[in-house]
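Pasting a structure below so you can have a look.
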Amino acid sequence: MKILNTRKFKLSELVKNLDVTIQGNPDCIITGISPVHHAQSGHITFLSNSHYRKYLPDTHAAAVILKKEEAEGCKVNAVISANPYYTYAKIAGYFDVVPEIVAGIHPSAVIGKNCQIHPSACIAANSTLGDNVTIAEGTVIGPNCTLGDDVVIGAGSRLDAGVSVYRQVTMGRRCRIASGVVIGSDGFGFANQSGVWHKVPQLGSVAIGDDVDIGANTTIDRGAVENTVIEDGVKLDNLIQVGHNVRIGAHTVIAGCVGIAGSTIIGKYCMIGGASNFAGHLSVADKVIITGMTAVTKSITEPGMYSSGIVGAVPNHEFLKNNARFHRLENLMQRVKELETAVKSMTERE
Amino acid sequence: MKILNTRKFKLSELVKNLDVTIQGNPDCIITGISPVHHAQSGHITFLSNSHYRKYLPDTHAAAVILKKEEAEGCKVNAVISANPYYTYAKIAGYFDVVPEIVAGIHPSAVIGKNCQIHPSACIAANSTLGDNVTIAEGTVIGPNCTLGDDVVIGAGSRLDAGVSVYRQVTMGRRCRIASGVVIGSDGFGFANQSGVWHKVPQLGSVAIGDDVDIGANTTIDRGAVENTVIEDGVKLDNLIQVGHNVRIGAHTVIAGCVGIAGSTIIGKYCMIGGASNFAGHLSVADKVIITGMTAVTKSITEPGMYSSGIVGAVPNHEFLKNNARFHRLENLMQRVKELETAVKSMTERE
Amino acid sequence: MKILNTRKFKLSELVKNLDVTIQGNPDCIITGISPVHHAQSGHITFLSNSHYRKYLPDTHAAAVILKKEEAEGCKVNAVISANPYYTYAKIAGYFDVVPEIVAGIHPSAVIGKNCQIHPSACIAANSTLGDNVTIAEGTVIGPNCTLGDDVVIGAGSRLDAGVSVYRQVTMGRRCRIASGVVIGSDGFGFANQSGVWHKVPQLGSVAIGDDVDIGANTTIDRGAVENTVIEDGVKLDNLIQVGHNVRIGAHTVIAGCVGIAGSTIIGKYCMIGGASNFAGHLSVADKVIITGMTAVTKSITEPGMYSSGIVGAVPNHEFLKNNARFHRLENLMQRVKELETAVKSMTERE
């Protein structure tokens, strides 16, 4: 936190080139960022989630980024924006501490034959690159990473520490790959012959577009024959499993702990809630929203919000009764049918 | 893909020693592999999943591997097999690009005392081995791996980059361990004394049989007292959690994102669907199939297919109603019982 | 196992300073540990889970740790304890094989500028430390770890192989971090502008207390503005996802495969079952127990045991019927209401 406090900007500087209006003093000095419920003097904060609106009247922030309709309730300086969270994202960039990039190859890194590494790129300590690897301008390969043969990483991408990228994987520009990510491991393909499983060679690779973010310890398998594909602008959270031959459409966002079985195609502009799972060989349309912990077992052909499962924790003794009832739902249905028959025959007799 | 295209084989060469029949031209030249729905000229493809049968009539493939009963509908060369996917697995091996193994210990690897490393084995760059480690013939330890003291890795096994194997773990022959796998971490054992959790030493290890495959970022904890055991031929997908003292029977296959709590015993020849979870201290019989996203909370004593949960995503507004009804199932049951009593008494009065 | 057998203790030595009573021979020689169902001659075992009580009468163990009420059924030496599992944990420590710590920085480790590394600490092979890193007394940084700039690790903590800790993360004393753990990766924050997701800088860090255990491949994201916080004595199992801004209260224990979405606050002394998931922005009270595979979607304000989902695998054909019924629960409810109306009107007419 100390680091944040060494920077200071006029409010007007922070909003330069942003499509916003200042209500109050544009010369107000901003020295840091706070969440609205813990707003500190001299800081800027934002209001985009209605959970937090109650904190606005008493905020100690120097300025608040908010929508026009909230501005009246704001007694301090306001930055009025049609999209406060986006405006906040841009302003927060002024306070971000990005580790300095030292161009060049660290002497402890091990580099294979015929690699093309741009002089502006950084290959950090104890990383290992195979043969014929291409690393473009301004790209950072963090410490303890491994890149297999024939890997291509586009300009301005950043792999954090301990990322493993298998042979032939290609990645576009400005991607950010968090620690522990594995890209291009063999898909889960085994053929059964007389009870024993035989490995099916995984001949495809993984093709990742531009502006893709992949969260910590997420795994993306290489395709069985063709490539597994992650299109431009996809954002994947942590601990996600992407099976072989999967395609994730552009600008789709997937929260943590999601599993996508092999050969499933997810559309563009989808939003997938955490801990949801997809069976294999499905198609999901563009602009589909899946709520958290959903089990998607059939293709979805229309945009919209979809769900399954049982959500909402309740006291265990209630749960146990309802869970037992669930396992006898078919029986309950039969009893209702018998009642319907009995009542119908009584009504007819009357 | 370019690499695939540089190889070419006669169809008859590809099926040598396989128990299949060629329908068509055995001298047909095969230059690559395609999936049936994207079959390319000169390529061989296969038909084993009925989802894809519709693509057969119009395929541009040079040859298709399929069952006898599908052969009539195939206008191109056919490889008739009782098990097309297995036949495909063997043929695909001709087109696989396996990174060349360079025998020897890379100078950047750090090797402990008293290790026995076969001269044909490969210890890749930036790997770290403890003391008394045994690495058998033809084994590959990838870059940035760590093996603790007293680890034994059998002949022909391959650990990809960034695998962590703790002290005393033993592994059989021909295993394949994907990047990010952790084997032998402490089991989750804590004893509560006055509200504070005290670590229970985990004295066992992990014993892995022959021909075991373990997918990326899967974790297998060491046993509390005895070993956690993965028997021969087990295939584990990515991001699976195997708790301490678990035993997984031979030739069982487990899809991604599964969790198995401590001391649970899974039988042989089981198939476990993705994202399923097992409570601890259970026994699961041989030849059990568990469908995806199932919560197994009791032992299963008979072979068969088992399931739980609610699967099948539906529009959210329908889901919300049904979810709310679920939480009042007990109440619904009571209302049905009251109706039954009322109808019974009316019937009796008639 | 061979290693265990080289140690031997008198039973009375093992229980020194523990609040227990010996029933039988305190000079009995103990050479190892066994689980009760596989008890071996000369070994000590314990009985705390009632599943295993049936093995007590026939045990070959030299001694059994158990509660007073079980002592009568014990024909061999007994260590009577109010908390047998805790007593076991302390005794098992005598048989634990902890790898020897070699103080100092391995020559293959790469250390940044201005680091403060205590001479008693161990920085293992192929590890990479950024600038201004502080490593306290007796701390072990395992092989192939990466620590970013400004990281602080407290005294006596141990990071196993392949751990990634991002810049500015702080960790207390006596923590144990298993292989593959990622701490301080960017939180999953993106602002949508015209369909495209823009990264929101993650300005906070992660603050970890004393005596925290974190299991293999678990991920903990850095806070968006303030820190993600893991309080003293928290125990996290493997493959857990902790989102940005989460706070986990002291002495809470969380089993494997749990996901906690951003900004959720979990209380102190909670127990969270495996594969449960928490939506974001929730509060969970102290002393809450969540059973496995629960989806927590609302705040929980009172201590107690809570659950959701459908647990208990049943034969698939039964499941399919009940699952289908679930998706028509609202319809079933309407039919019951109609029956109630019909029966009521019939009753009134009588």
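Residue numbering begins at 1 within each chain, and the chains themselves are lettered A, B and C in the order written.
Just so we're on the same page, a contact is a pair of C-beta atoms (placed from the backbone, for glycine too) under 8 Å apart; a residue touches a chain by one contact, two chains touch by 3 or more.
This is a predicted model, so every value here is computed, not measured.
Visitor: Only C-alpha atoms count here: how many degrees separate chain B from chain C in terms of the superposing rotation, rounded to the nearest 5?
Guide: Nearest-5 rotation angle for the superposition: 120 degrees.
Visitor: Same residues or different residues where chain A meets chain B? The copies count as same if more than half of the interface numbers are shared.
Guide: The interface is built from different residue numbers on each side, given that under half of them are used by both copies.
Visitor: When the centre of a chain is set as the mean of its C-alpha atoms, what distance in Å lies between chain A and chain B?
Guide: It comes to 25 Å between the two C-alpha centres.
Visitor: By the touch rule stated above, which residues of chain C touch at least two different other chains?
Guide: 108, 126, 144, 162, 180, 217, 239, 257, 309-312, 314, 326, 329, 332, 336, 339, 343, 346, in rising order.
Visitor: How about chain C: which of its residues touch chain B in the complex?
Guide: Touch residues, chain C against chain B: 3-4, 33-35, 38, 49, 51, 83, 85-86, 88-90, 92-93, 95-97, 99, 106, 108, 124-126, 142-144, 160-162, 176, 178-180, 213, 215-217, 233, 235, 237-239, 251, 253, 255-257, 269, 274-275, 292-293, 309-316, 319-320, 323, 326-330, 332-333, 336, 339-340, 343, 346-347, 350.
Visitor: In the complex, go through chain A and note every residue touching chain B.
Guide: The contact residues of chain A facing chain B are 108, 110, 126-128, 130, 144-146, 148-149, 162, 164, 166-168, 180, 182, 185-186, 188-193, 195-201, 203, 217, 219, 221, 224-226, 239, 241, 243, 245, 257, 259, 261, 277, 279, 281, 289-291, 294-298, 300, 304-312, 314, 318, 321-322, 325-326, 329, 332, 335-336, 339, 342-343, 346, 349.
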